[in-house]
Amino acid sequence: MRNPFVAECGHYKTSYRKDMELYRIPRVKLRAIALLGLFFLYPLFASNYAVGLATLCCIAAVGAIGLNILTGFTGQISIGVGAFLGVGGYTSAILTSTLGLSFWVALPLAGIITAVVGGLFGIPSLRLKGLYLAIATLAAQVIILFVISRWTGLTGGTSGMVLQRPSIGGFNFMSATSYYYLCFIILVLTTFYALNLFRTRTGRAFLAVRDRDVAAQIMGINLFSYKVMAFAISSFFVGIAGALLAHYTMIVSPELYSIEVSIEYLAMILVGGLGSVFGAILGAVFITLLPVGLGFLMEFVSSVLPNMHHLLSAFKELVFGLVIILFLIFEPGGLAHIWNNIKNYFKLWPFSH
Amino acid sequence: MLRVQNIEVVYSKMILVLKGTSLEVPKGKIVALLGSNGAGKSTTLKAISGLLKGEGGQITDGFIEFEGEKISANVDPDSIVKKGIFQSMEGRRVFKHLTVEENLMAGAHTRRDRKSIKNDMERIYHYFPKLKMIRTRAAGLLSGGEQQMLAIGRGLMAKPKLLLLDEPSLGIAPLLVKEIFGNIKKINKEEGMSILVVEQNANVALSIADYGYIMENGRIVMEGEVASLLSNEEVREYYLGVSKEGNKNYRDVKAYKRRRRIAW
Amino acid sequence: SDDVATPAEQPEGTDDPATETPEGERVVKIGALYDITGGTGDVGTPYAEGEQAYVEYINSKGGVDGIIIDLIGDDYAYNITEAQRQYQALRDRHNVSAILGWGTADTEALRQQVANDNLPFMSASYSENLKDLTESPLNFIAGATYSDQGRAIVDWIVENHDGENPTLALLYNDTAFGRSPIEDIKAYASENGVEVVDEQVIDLSATEAQSQMLNMERQDPDYAIINQTWGATATILREAQTLGIDTQFLGLNWATGEGVIDIAGDAAEGYMGVLTHAFPYEELEGMAEVEEYLHSKGKTLEDINQKFIQGWVTAKIMAEGIRNAADTELTGEDIKVGIESIENLDLGGLGAPVSFSADNHAGTSQIRLARVENGRWEPITDYFGVSD
Amino acid sequence: MTFFMQMLVTGIVIGSIYALVALGFVLIYKASDALNLANGEFVLIGAYICLTLITAYQLNFFVAILITLAFNALLGLTVERVLLRPLLNAPVISVIMATIGLASLLGGAVHMIWGHQIRTYPQIFPATPIRFGDVIISPVYLWSFVIVMFLLIVFTLFFKFSKMGIAMRAVADDQQAALSMGISVKSVYAITWAIASVVAAVGGVLLGNINGVNASMAIIGLTVLPVVILGGLDSIPGAIVGGFIIGVLQSLAGGYLDPLVGGGLKEVVPFIIVVIILMIKPYGLFGKGGIERV
Amino acid sequence: MDHILEVRNVSLQFGGVKALDDVSYHINKGEIFSLIGPNGAGKTSMLNCISGLYRPSNGEIRFEGKNILGMKPYKRTNLGIARAFQNIALFAHMSVLDNLKLGRHILMKSGPLSGGIYWGKAAQEEVYHRRAVEEVIDFLELQEIRHTPVGTLPYGLQKRVEVGRALALEPKLILLDEPMAGMNNAEKEMMARFILDMHELKEMTVVLIEHDLGVVMNLSDHIAVLDFGKQIGFGTPKEIQHNPEVIKAYIGEEEVG
């Protein structure tokens, strides 16, 4: 009998359904569950500081997955993530602090409103391509920030707004651990959504638009609506990340959403691996923790060379650039690729056959 | 003039594509390299011209010798062109944003004799009058066949000692195919340019070649003077499409079982 | 949810924040946020050096009543996100008991968390917003607020203006810092019969400001208050010189200092500014300590500037708070109380004397004015405050 | 009217410097289809090197300039060799990201060497402003304008009449195919980066003379992006025209609109203009669009 | 007989070039129709007009009686017009399977919400269409490469996937632009067999552009000949073979046998 699904040695799939599962091999599924469990238990072992960092990583990962949907998977470079984070953050700030709505209503609304704004700024993608579109998104960044810092009545202008941590019933998410769980769960949901999206119709259409838009059209894909949709979906997650971040730092202010932030997010998906959900997460963690790690390095350096102190921050900047460059040169496939290599190594371990 | 000795080529460090290929192009001759899809013909040409690297390929064994001198595996394509080997790549690969004329100029990039470039361009236009009509148009806008003409013309502009042509007849109308191959033969005769041509259209290729190789699955499976190839039964049937019963009708192929490749 | 945030759970490890070194000294950890490389790095760098210098000096003297200060700080490049990150590291990783801060935007951004975490926060931002004890119960202001500085200038204008109806322009940058005193100054000016005829936004790191200066020139104000740091201030003065503008420019404290002259050259002649702290070349009692410290480093007073002194003084005030809390465990709460019990702290002339209390976290409202004469700042008034 | 004229003149001068910096972007784009986001740092380094040579080593201005240009050429070559070459076959966005990394690296190095304070050039051009009626122009401005115009003409001619132009565009179109023509992608890149870096240095020295130097000068790289896009990424005349348009409109917006909205519009206006123009001409005023035939 | 496609007086211009000049013909439902002509004659441009990538300056194109001129390309696909390109236009980074699934885009329904949640209908749909795609894979004998990224396949196989993708769409009208270019005789035979099969089994109308006259003459029911944008012949293979103008412009004297 013909059995075409010789994908992984030792595992034969007997139905299409099985062949198409997210985790095609039981061992992989197990590993995914174990990994989830590990991160769930993480706060029990980690210091508050470490939990705080992990929270920032989760939030960044949600945003990075969002950006990756647009840039990595649909091929529309966006340099406007910073501003979209801002839209999410401000929306939630206005809804909760000014209008007194609950966080649980404000969070999805922040996503939706950012999606609408993102979709709006995605309209030029109808005509613009590549770097021209990228600069249009940069324009979005600049214009949105300008509006935020000038619409003082709504946004508090340059001095920003203050937010509260969410609460549910009598429980308040003030502690590092509780907020970590909140963000972690949202990250898990986001991850599953993105993974599913890209093995179904809409996701495939995004990929098609990225690779060859003329051919995509001939497959019956409405380029315009899919491009705008990619902007909207991507912005939705960026907006959610923005809202989470705002309630974490408990402040929104235009300075929080500068171009540097946009660039940091781009770095996340590039270092992580373009067009990889998992890569986006790894990249987000990496870029979030890099300054922290460099901080440790600097502490060490300054204990050895106390007079260097002045040069340290500049040195940090230099090393940051260097790390990005080395990454691109030596691992163009990104962290996701490294991860895969490690996985492949262990898959065959201890019998490489 | 060119000797390819037992080369092995691997893509992405894993996929072995050429498994000990050897072939020779004598000075001033036309050699045809035939074979099915995926046999490794383009890979062979890229190995010679040094273009493998750009696609993640690598020569892992064997060597290539040009005019008695080994071509090191690490040398860049541009210095190979300077040695006098020019490959006209598969799939045309014209510079989309450059005009037809600029594309031809790009072909002459390594030439020092700038004066005669204008002349040569006229010669190309003479071979392909259509190109002259559209010489200021961006090459990306040309029709498939027009691009193909341009790709060949670009190769001729380089005036190499050895020209590697990858499927020059692809997408060219039958009348023009004849003309192009006629011209190739003429150039070969008049200028002594050696030519290695990869073709699916075995009929025309063999009509101008002096010698032929047949490649399957990364190996040369047959070689010989054109006359001897033409008289080989299997070659006739599989590559030339002439069976014992004479010309068949494509309508009837349904009745045929799918024919297996020649298995030696 | 409109409930006010409850205080965070105490950071794990409620161990005594004042630890002991092997030699048996008591140590208190103080965090610091510096701007060395950011938009305000021109004044941030000497200020940071001043803070570090004072701590090093006092430690070399055996600490504050035997308590060694462990100052843990880093450059945050005037970036709020980075400030947030570093604040968390200081709080959770280093368990600091108090923080020396820097920018207005980040200080205001952090004030709620600071309150939750019970960490006294003494910023280099003199934003009047930080005076509000309900919003910022843990923030302390070491110098006269920007608004007070502006008001003082308005007072000076009213007193010294010849002729009728003085007119005023405001030049600031589009940051929380830049905008902080603007509304207050406008209100105070109109109360006092000074008309604000123009406002121009000039970027912190602007190296040209031609259109703004031309616009201002059209209103031809008698005076213009600059709320910037050195770079933009010098830019303004140079543009004004090029365009031949005869307005009298007056800077708030961060727009004052040696750096302006270094960059603007003779365009700075006649420029006036607010002095919250002294110049190193002034002969003052408090300068002896500074000199002693510099000497130990093989340097002289020529090597430092007024912002260094400002940083020095701020650290000194913080040290005084620690001294007042010496008998306690030196938690954040303890130091807060310690600072609140500072009364009329004499700074040897390096700054106006400061006093804090449980319901006043603004140390002083006194300033001096100085003018650039022959390439050097000369104080032209004594300390004075807003006349109310 | 005077006010308008003054704004116009300022806009033209600033615009000419924009054009020069934009030229650096266009060159790199023509050869590699990528944006060099470290261009601003190239400008900055040029400005600092020349300044240091003049102040610390007391060199004559012209000698200093020549050394600066040589230094930047070397810098460009090094960057190409170390950074770009390993990325030869990488996607464009990786190249762009690498230049962002480069920007951070160079920025860090500059900070370590020169610190953060504004520094000013000694008076090289006469200080007394020139008056045309009521319009005031500093001589530096005038000189900058003349130098920039001269350079722009030189470059336009160079690319029009040298083999280099075609080779560059061929490389940008299809690296593999360019290689197969015998075009050395490496040397095309090396030359382009060297030239782009030299152009940036000229911009840096001029800007330094106008405004003084500090780290924020690198922002010019970002400011000029709308210029490049407006003119069309691959067009040298586009960079020039775009520079003037943005320079003038920005200056006018700064003059007339900023006071209305409370400032900051000057930085936003170029982007607004660009979006509007792009909606009408998706590849900028002079840019050639992507060619896609089916 | 039913005309599935009618082209009336279509002209198309690029600057000074007349790519199509007043072309008219019609295609019967269920036939194999070929477009031939020298290089640059306007054959691909003709297909582009049908699939909506080019907009004729003049004329009318009717699909099943409905004027489709001015309709967006993706809408025409939705009507049942599929296309395989001359210059392969596959999604190079995707597997053969995903390329083929993309061919079924219009037949599927799941959206960003249901797809992302992947529950119930969306999951069932994926499985259902996977089955359909596997049929195409079987049909074109692509079994061994179904998980291979198409970018690394040799030219000939890519051509086959390209045809497969159009086929997966289950169109009423399939436009094949030189599907046999770059194939040797045996491979051409195979492709001919596929074309005949899909024509017969799936009852598709086929429009074929091909330079191999043997193939064209054998397979076609009708042929239109273009030269410099002008239609210089229309008819059955027999008629075309004997049309002197066609012989002069395209076939060449000796070819007529």
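Worth a mention:
The letters A, B, C, D and E name the chains in turn, as written, and every chain counts its residues from 1.
The rule we apply is simple: a contact is a pair of C-beta atoms (placed from the backbone, for glycine too) under 8 Å apart; a residue touches a chain by one contact, two chains touch by 3 or more.
Keep in mind it's a predicted model, so treat the numbers as computed, not measured.
Under the contact definition stated at the top, the chains bordering both chain D and chain E are A, B.
Relative to chain E, the chain whose mean Cα position lies farthest away is C. Mean C-alpha position of chain B lies 28 Å from that of chain E. Each chain gets a centre from the mean of its Cα atoms; for chain B and chain C, those two points are 75 Å apart.
Chain centres here are Cα averages; for chain A and chain B they lie 47 Å apart.
Computed centre separation for the pair chain C/chain D is 37 angstrom, with centres defined by C-alpha atoms. Under the contact definition stated at the top, the residues of chain A that touch 2 or more other chains are 149, 214, 310, 313-314, 316-317. Residues of chain C found to touch two or more other chains are 36-37, 45, 174. For chain E, the set of residues that touch two or more other chains comprises 44, 53, 85-87, 89. Touching pairs of chains, sorted by label, consist of A-C, A-D, A-E, B-D, B-E, C-D, D-E.
Chain C makes touch with chain D in their complex at residues 36-37, 39, 41-42, 45, 174, 198-203, 205, 207-208, 210-212, 214-215, 218, 230-231, 234-235, 242-244, 259, 262-263, 265. Residue ranges on chain D touching chain C, taken from their complex, read 3, 6-7, 10, 14, 111, 115-120, 129, 136, 138, 207, 210-212, 214-217, 219, 251, 254-255, 258-259, 262-264, 266-267. Listing the residues of chain E that touch chain D in their complex gives 44, 48, 53, 85-87, 89. Residues 11, 15, 34-39, 42, 90-91, 130, 134, 137, 141-146, 148-149, 167, 170-178, 200-202, 238-241, 247, 249-251, 253-254, 256, 258-259, 261 of chain B are the ones that touch chain E when the two sit in their complex. Looking at the complex, you find that chain E touches chain B at residues 14, 17, 37-41, 43-45, 86-87, 141, 152-157, 178, 181-190, 192-193, 196-197, 211-215, 218-219, 250-252, 255.
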